[in-house]
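Please see the structure below; I have some questions.
Labels A, B and C are assigned to the chains in the order they are written; within every chain, residues are numbered from 1.
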Amino acid sequence: MLSFIIKRLISGLTVLFFISIITFFVLRWMPGDPATLSLGTEGTPEKIAELQEVMGLNLPWYQQYYHWIQDLFSGDWGSSYVFGEDVMTLIIQRLPVTLLLAAVSMVIVIPFAFIIGIMSALFKERWVDYIARSLMQLGDAVPQFWLALIFLVFFASKLGWFPVAGYVGFDDGILASIHSVLLPAIVLAIGQVGPLIRIIRSSMLSSLEQDYMLMTQVNGLPKTLAIVKYALRGASIAPLTIIGMQLANMLAGAILVENIFALPGIGRLLLMTVEQRDLILLQGMVIFVTSAVVLVNILTDICYRLANPMIRFGGNHE
Amino acid sequence: METIIEAEELVKEYKIKKQQLFNKQAYFQAVDHVSLQVRVGQTVGVVGESGSGKSTLSELIGGLQQPTNGSIKYLGKDISSFTSTEYRHFRQNIQFIFQSPKDSLHPFYTIKENLMEPLGIFKKHQPERILLQEIHDMLDQVYLDESILNKHASEISGGQAQRVAIARALILKPKLIIADECVSALDVSVQAQIIQLLKELQQKHQMSYLFISHDISAVNEVADYVMVMKNGQVLEQGMTEQVLFQPKHDYTKTLISSSYLLEREG
Amino acid sequence: MSKLRQHKLFSLGLFLVLVVISLCIVSFFYLPQDPNVMNTINRFQSPSKEFLLGTDQFGRDILSRIMISSRYALFIGLVSVFLGAVVGIVIGALAATANGWLETILMRFIDGLMAFPGILLAMMLVAVLGKGLWNAVIAIAIFMIPVFSRLTYSLVLDQKNQLYVKAARSYGASKCRIIFKHILPMILPRLITQFSASIGSAILIESSLSFLGLGVQPPNASWGLMLSESRQYMLTYAYLAVPPGIILMITVLGFNLIGDAWNDSIVSRRMAE
């Protein structure tokens, strides 16, 4: 177990290193240097040169990279030139909205995917299964931003069940807060449901195939018990799986959904950043989001190992 | 006589999968300090039970695997210090007949394309007509019909595949052929024909063979010199008559007695 | 899965894709109306004989704009996946044949790319390169690289252990020849499957980028852009939201179905062997 954790950490750290390299080079060696961009129309050659000096842009790249990493670790993520605020502060301000959105959508998607996934496995190649799989296909193909628009038009505007836009802070009560992100969370959940059903269905199928009790078609209580047993074991793992595998997807969805529903989260900040070409802020956000994805992946992998005895005792797959 | 291949103290260790990160890496010795020489025109036979390291040894000698230790010289020069021209020359003159001939053919290519591959690499300047003629001649020599040329590996029999593999190895007229169980899948009459062919070609082109087989009687017919392997080591070696008819080791005796060689000769 | 179902899904996918492709081809010869002509008298016309799908806030014919948009969708989808696939396949094949540190570096680099949530990488590149069609193509192509390199990597590793590869080495085939002449033909079916499935997601990303104002720029038309332009009028004129979304979904579904059915047929053929 310890060796697994260490291996996983090492490979995760290498990935993080490459992410930082990719981000660093994409944002630095592409057309338009940060100094010129941040000065915008006010950029006279002297001012640009001065700022380049201050930002250390004249140093060789490895020194720039080294300083940058050093700053990242010391918590100095630079400051945005659009908002004039510290990058870290900006991110932390917006984070709760996105987290709430993700959490609510997860609460919606997990039981739903779970029931459909298990039913679809139990009634394999029957109509329940076909319907489930058709839903998965549709779920994969439907553009999330379009779904968001349709829901907005129908549920918020026509039926008036939800606010059309905007976020209600925790100060006005947690329920009001949740209500304000409920519709976007549903949209986000629909985007996640397909892949999750697929995971649950296939792991349920392989469990069923392994168990000889079900193979021999014992009916009644033992069979039901066995199914419940698998379902429960699966239930303990499914949230981990979805967090681990779907986090990146969910964040991508959040970018679109937050912008449509005008939720002041990470996704909305990101779009503003891109539109304004605020490279320092963008760099910070990219590092933040990708590191989050990698770290959460490591954590869920480790928890998954702990939770699933099959893998733990199954020898070395690595 | 000139030596084609000379291997000294070859060792091949395979890593055994580690169970735990901090465990010491364990190794399995598939070939354990084996030395051997093949001279021009000579046939060296290698016999030994399954898993004794024969195939591994052959792949080390043919440069398909890196030895953990030891050196291999081709025409007096260490193969690890080859220039690219020398390496090309080496590859052209050492050809393999693999243990599972069917798997050694590309599944998507026709037999013709499979046979054309080595020619395309080493004789690309020659017109296709001449290369095709060479393929047809070769097929005649291994007693295969031309109709096989447009088939795929999955559509031919095991014995046919073995003869295609032999044809592919011979087609470049190499100096040394490493034949790993090259007659084992053939019935006795074809086997005799192929062995006859190998002998004729040896006469004609001064070829050498490293002839690996568990079939002691086949080894007896072709080999001048025999090595007996067990657990990666050479237990016994010498001229064929001496090793096969006056074996020193019990292991060799068991190998021989289980192969009906004595009865047939008897 | 049953052969019949596979076949049906494949045909459905093919049909959907053909619908979009013919829409695209027809758009070069015939459009019901000029897609870019703005005419304030015709604003917000609901569907009628003259404007089959109605008109938008500028009085432009929605059907014509949808047809024109299909060119961008298919073009960006095909070109970006092609570029991403070529680069990805080369990286994957290189990683699988190189050994030691180069392999590790390449694969960790790919993992790093993979950790970028879909559209984030594309947004980052657009921020740096600027908005526009070709930059969107490049961004989506880069996004496609990891999928193809991972797939190629595992497929090539698999093939590398096959005896026919060892045989090819034994008669002097170069690494390049082995990869391109021997291994590539073996893994091509799987790569083509992935190609088809990826076009669907590439078109989705294109439309998302355009929706966010980072992809195809006005006055050109793209399904995502159409939705974004008429967004503020949708609450009043709901019909504006429907056509671009439906056609987008049909396209993506079509390519996904083809890819899936293809993949299933390869898998079941493998199992039959």
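Following the convention adopted for this analysis, contacts are C-beta pairs under 8 Å (C-beta built on N, C-alpha and C of every residue); 3 or more make two chains touch, one makes a residue touch a chain.
These numbers were taken from a predicted model, which means no experiment stands behind them.
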> When the mean CA coordinate of each chain is compared with the mean CA coordinate of the whole protein, which chain is closest?
Replying inline: C
> Pick the pair with more C-beta contacts: B-C or A-C?
Replying inline: A-C
>> Averaging over Cα atoms per chain, report the distance between chain A and chain B in Å.
In response: 56
> Once you find the CA centre of chain B and the CA centre of chain C, what distance in Å lies between them?
Replying inline: 49
> Whole-Å distance, chain A centre to chain C centre, using C-alpha means?
Replying inline: 22
> Mind pulling up the chain C residues that touch chain A in the complex?
Replying inline: 1-2, 104, 108-109, 111-113, 115-120, 123-130, 200, 204, 207-208, 211-214, 224, 227, 231, 234-235, 238, 241, 244-245, 248-249, 252-253, 256-257, 260
> In their complex, what parts of chain B are in touch with chain C?
Replying inline: 59, 62, 64, 88, 91-92, 94-96, 98, 100, 103-108, 117-118, 121-122, 168, 172
> Where on chain A is chain C touching in the complex?
Replying inline: 11, 14-19, 21-23, 26-27, 30-32, 125, 137-138, 140-146, 149-150, 152-154, 157-158, 164, 247-252, 255-256, 259-260, 270-271, 273-275, 277, 279, 282, 286, 289-290, 293-294, 297
>> Show me the residue ranges of chain C that touch chain B in the complex, using the header's touch definition.
In response: 162-164, 166-173, 177, 182, 185-186
